[in-house]
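Just passing along the structure, written as structure tokens.
The letters A, B, C and D name the chains in turn, as written, and every chain counts its residues from 1.
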Amino acid sequence: MGSVSAALDAVRRDVVHGAMVPLENSVEGAVPATLDELAVGEPLMITTEVLLPIAFSLLVRPGMQLADVKTIASHPHALPQVRRWLASNLSDAEWHAAASNADAARRVQEGQFDAALAGSFAAQHYQLVPLHEDIHDRAEAVTRFVLVSKFGRPPLPTGADRTTLVVFPRDTDRPGSLVSILQECSTRGVNLTRIESRPVGSKLGEYHFSIDFDGHVEDASVGEALMGLRRVCADVRFLGSYPRADGIARRVFSGTSEQDFANAACWLARLRQPLPDV
Amino acid sequence: MGSVSAALDAVRRDVVHGAMVPLENSVEGAVPATLDELAVGEPLMITTEVLLPIAFSLLVRPGMQLADVKTIASHPHALPQVRRWLASNLSDAEWHAAASNADAARRVQEGQFDAALAGSFAAQHYQLVPLHEDIHDRAEAVTRFVLVSKFGRPPLPTGADRTTLVVFPRDTDRPGSLVSILQECSTRGVNLTRIESRPVGSKLGEYHFSIDFDGHVEDASVGEALMGLRRVCADVRFLGSYPRADGIARRVFSGTSEQDFANAACWLARLRQPLPDV
Amino acid sequence: MGSVSAALDAVRRDVVHGAMVPLENSVEGAVPATLDELAVGEPLMITTEVLLPIAFSLLVRPGMQLADVKTIASHPHALPQVRRWLASNLSDAEWHAAASNADAARRVQEGQFDAALAGSFAAQHYQLVPLHEDIHDRAEAVTRFVLVSKFGRPPLPTGADRTTLVVFPRDTDRPGSLVSILQECSTRGVNLTRIESRPVGSKLGEYHFSIDFDGHVEDASVGEALMGLRRVCADVRFLGSYPRADGIARRVFSGTSEQDFANAACWLARLRQPLPDV
Amino acid sequence: MGSVSAALDAVRRDVVHGAMVPLENSVEGAVPATLDELAVGEPLMITTEVLLPIAFSLLVRPGMQLADVKTIASHPHALPQVRRWLASNLSDAEWHAAASNADAARRVQEGQFDAALAGSFAAQHYQLVPLHEDIHDRAEAVTRFVLVSKFGRPPLPTGADRTTLVVFPRDTDRPGSLVSILQECSTRGVNLTRIESRPVGSKLGEYHFSIDFDGHVEDASVGEALMGLRRVCADVRFLGSYPRADGIARRVFSGTSEQDFANAACWLARLRQPLPDV
């Protein structure tokens, strides 16, 4: 698909079962198009996540040598991630923007440019060859992709899960309104791992928040935090609970384990309905 | 009964069905003996509360006139509540301490003193007569009594209820430990109406807390707050949910009504178990 | 002096330079008379504190043996503190309430009772002798006394100080009002060590709070917390910063040391008034 | 300048006195390049902000008619903001990505494309003419630009100011770490107006935060909040206090006015250094 919007539309229209879209990357941060497409319209659900290293191949037409490369094309986002590599290896070549890396490859195939920075998987499609692979300035840089399906039942909890939400606050115009939203999580021991402000209705100064936290909707702690958010916010959109790609199990803090929640629930039930004397 | 301890022991030993004991009064504050007896030992339950105006009768032997009263006896607690009345009406009489107001009345009967400051109900028992009634320095001063029974099912909610607890914190030696306990209430919109520190195990610097808040254990907000306290505290002792004597209905703040809790619970249930497509 | 009130009045009227009054004890908790006398009227200041072990002497008329003691008198407060000793040593003797321990000693002198539980210092005054000393059920039980003078400059900080306040909240009728008061302390790393609700104006349901926390008014953290309380409360009465009797130094948590406060203040000053370029 | 980086570098190298760069826009949200360039490197300072409506001109070579436009170029960011206009007015034209809107205009001048979507100010520079102006899909959409200079003394407070920071937390891996950061603002009545997570060091899951709040570094409330952030965070970068473009005065909440802060500071000073008796 040509864009995140198109891919998610295809899910909504039942053209495909799922779309793998970028949510954030460790160089550029969140991907606004993905956040915004998920925040409105027919509800969708994230069912898994994948971390892909950020690395490019230098794709050329067969026979082309590195010394011959005078022009390079890529999506503008690729440039900050390979700038140092280019300075060391192709300092005289001229860079050109393309609409996407795939578009850059296509235009290399058509002869407009000498080389494209793109995923190596694009080589075959455009009948190009990779002159260099695994090009990046920062070895650990990754993009987090999420697999998005139609809204349904979340995958089962694994103990190392993440939950994604969109939270629409009631009133952000007083000190502490965001604090009180986040306390709905912290009070239940639920650790926020990402928060983004997104402008609402194309006005500056009004935001909704895209939030990730550790844990699964089936967890008692997460369930209670979700209900708390639902009560104090104008709206909450649940975008799924799914296994973390890094498999890091949730840290549990004193008083907020699943066992603690279960014990407290039993205790409350007995206060409300004491056991009869025998 | 001669003391709060004796009265509560009688409840625990099934000698009586209930004991009406003072919990706090508006001049002296909390009644430590009552708080401490309820905090340990076999669990008891408060099932109702009564506010009694603080007023004394001046009890004398039949035939005694005001001009004859040269000595007056009472429990020392009574004195600050009638000091001005005594100054205006019996400025020359000499006050003597008794172990209780009942003891003062007994000693008037025995002829040790001329008059006792006590409840008018004591007159008949000690064959005395009230020379003056409704004696007090502050018209609005009251004592809050609670009716204590064996632990059981709380009375039904009325919409104007109070809940009483004893909370044993896990660690009070860091800034914010009491804050985090109280937030378990405030996050759910539960309003604290009274809090007392009580020393634990006869060491200073370690406390448990005697707490009252608005609402009933059957309320969703109160139930969730109780579970939260149970999770983060070393122990919580529930002492009952019962109608407020003043009948003042609970103020409900945005996002914390019973309806808000119910809506959030339904929403969560649907996230966990979506409706099947038809 | 016959009472806490009388002792503090004597300080206010310049009759004495200071009064040593009980603030709390580890069996009975806070001493309401002291808290309330300090909370209103001409401001006073606590300049030091002392912890005195709770222990009684068994005072008898000269010549009396333990085997002869059939009746014992004391203030009712003494009884819970010696109950086990009595059960082991005088299980057949009968206990009687007196208005105070001094009153019990007087009545032993007069021959009404065989023995009094009182401080050993009372023996000489009433011509009694101590048959047993250092009587108590819990070895570690103590009363905390404070030395109160006229309002003035607090003693210098020692690194192991305590600060005592009375806080009059603006509005206690909403969830979180007490939380927001306590957060003024916890945000600055100031650890609350005692809190008592005291009824205001002889009405139940409206309280001010008597508070102790670790640290000294000269500490940056305590100073900022005090200013915060002053801003958000209807009134704050400062009752002094003084060395802790137990000499336990203040625990300092990350980001709230005096050095942290000083560094932050320097940083802010430089933001407001940058160094000129040289 | 060809990019935000280049513009800010020019400020740092004293080539220009200031750079006007986009910080966020109401359709796309924050501009990562600007946030990240300001967060590291030699400190810079925002001295004012401007809100510019988002609108494009369709620039063509002189003589070109709308019916002749077969290809259009722009930066990819422009596309979502004019998509509907293009669908209505140029549904058959083919869109091409350019590195920037200025680059698109240059390439129209060179004849590579028929039309560029760019600011109308670009027309003269590239010898183009605007065929249509004020092109946008949402009338109220704006971009917030900030004027960035070398670090120095902030402009004077106006009563309607904004402060921009970058906050590097100490530990984000526990529930409530972000809450405690935000409480440094809310406790002082300082209202957060924008917060963005930005990935740190090209790893996902570790973030710093780009923050705007109401008020000026010279305000007592803002100063105290800044010091609090500085104490509890690993680092804080102050990016300036400057007049809000919309001129909306800061809302002041109970207990957090400048007068409240001043009163509290005087009170504290008198506690520490009481007035001598006269």
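Here, a residue touches a chain if its C-beta (ideal position, glycine included) is under 8 Å from a C-beta of that chain, and two chains touch if they have at least 3 such contacts.
Since the model is a prediction, treat every value here as computed from it, not as a measurement.
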item	value
Graph distance between subunit A and subunit C, where chains that touch are linked	2
Reaching subunit D from subunit B through chains that touch each other, fewest steps	2
Fraction-based call for subunit B against subunit A, same above half, different below	same
Cα superposition angle of subunit A on its copy subunit D, in degrees to the nearest 5	180
Approximate Å spacing (C-alpha centroids) for the pair subunit B, subunit C	23
Distance between chain centroids, defined by C-alpha means - subunit C, subunit D (Å)	54
Interface hub residues of subunit B, defined as touching at least two other chains	183, 256
Those chain pairs that satisfy the touch definition	A-B, A-D, B-C, C-D
Subunit C to subunit D touching residues, read off their complex	151-154, 170, 183-184, 187, 217-218, 223-224, 226-228, 230-232, 238, 254-256, 260-261, 263-265, 267-268, 271-274
Touching residues on subunit C, where the partner in the complex is subunit B	24-30, 32, 36, 51, 76, 96-100, 103, 138, 140-142, 144, 172-176, 178-179, 182-183, 185-186, 188-199, 202-205, 207, 246, 251, 253, 256
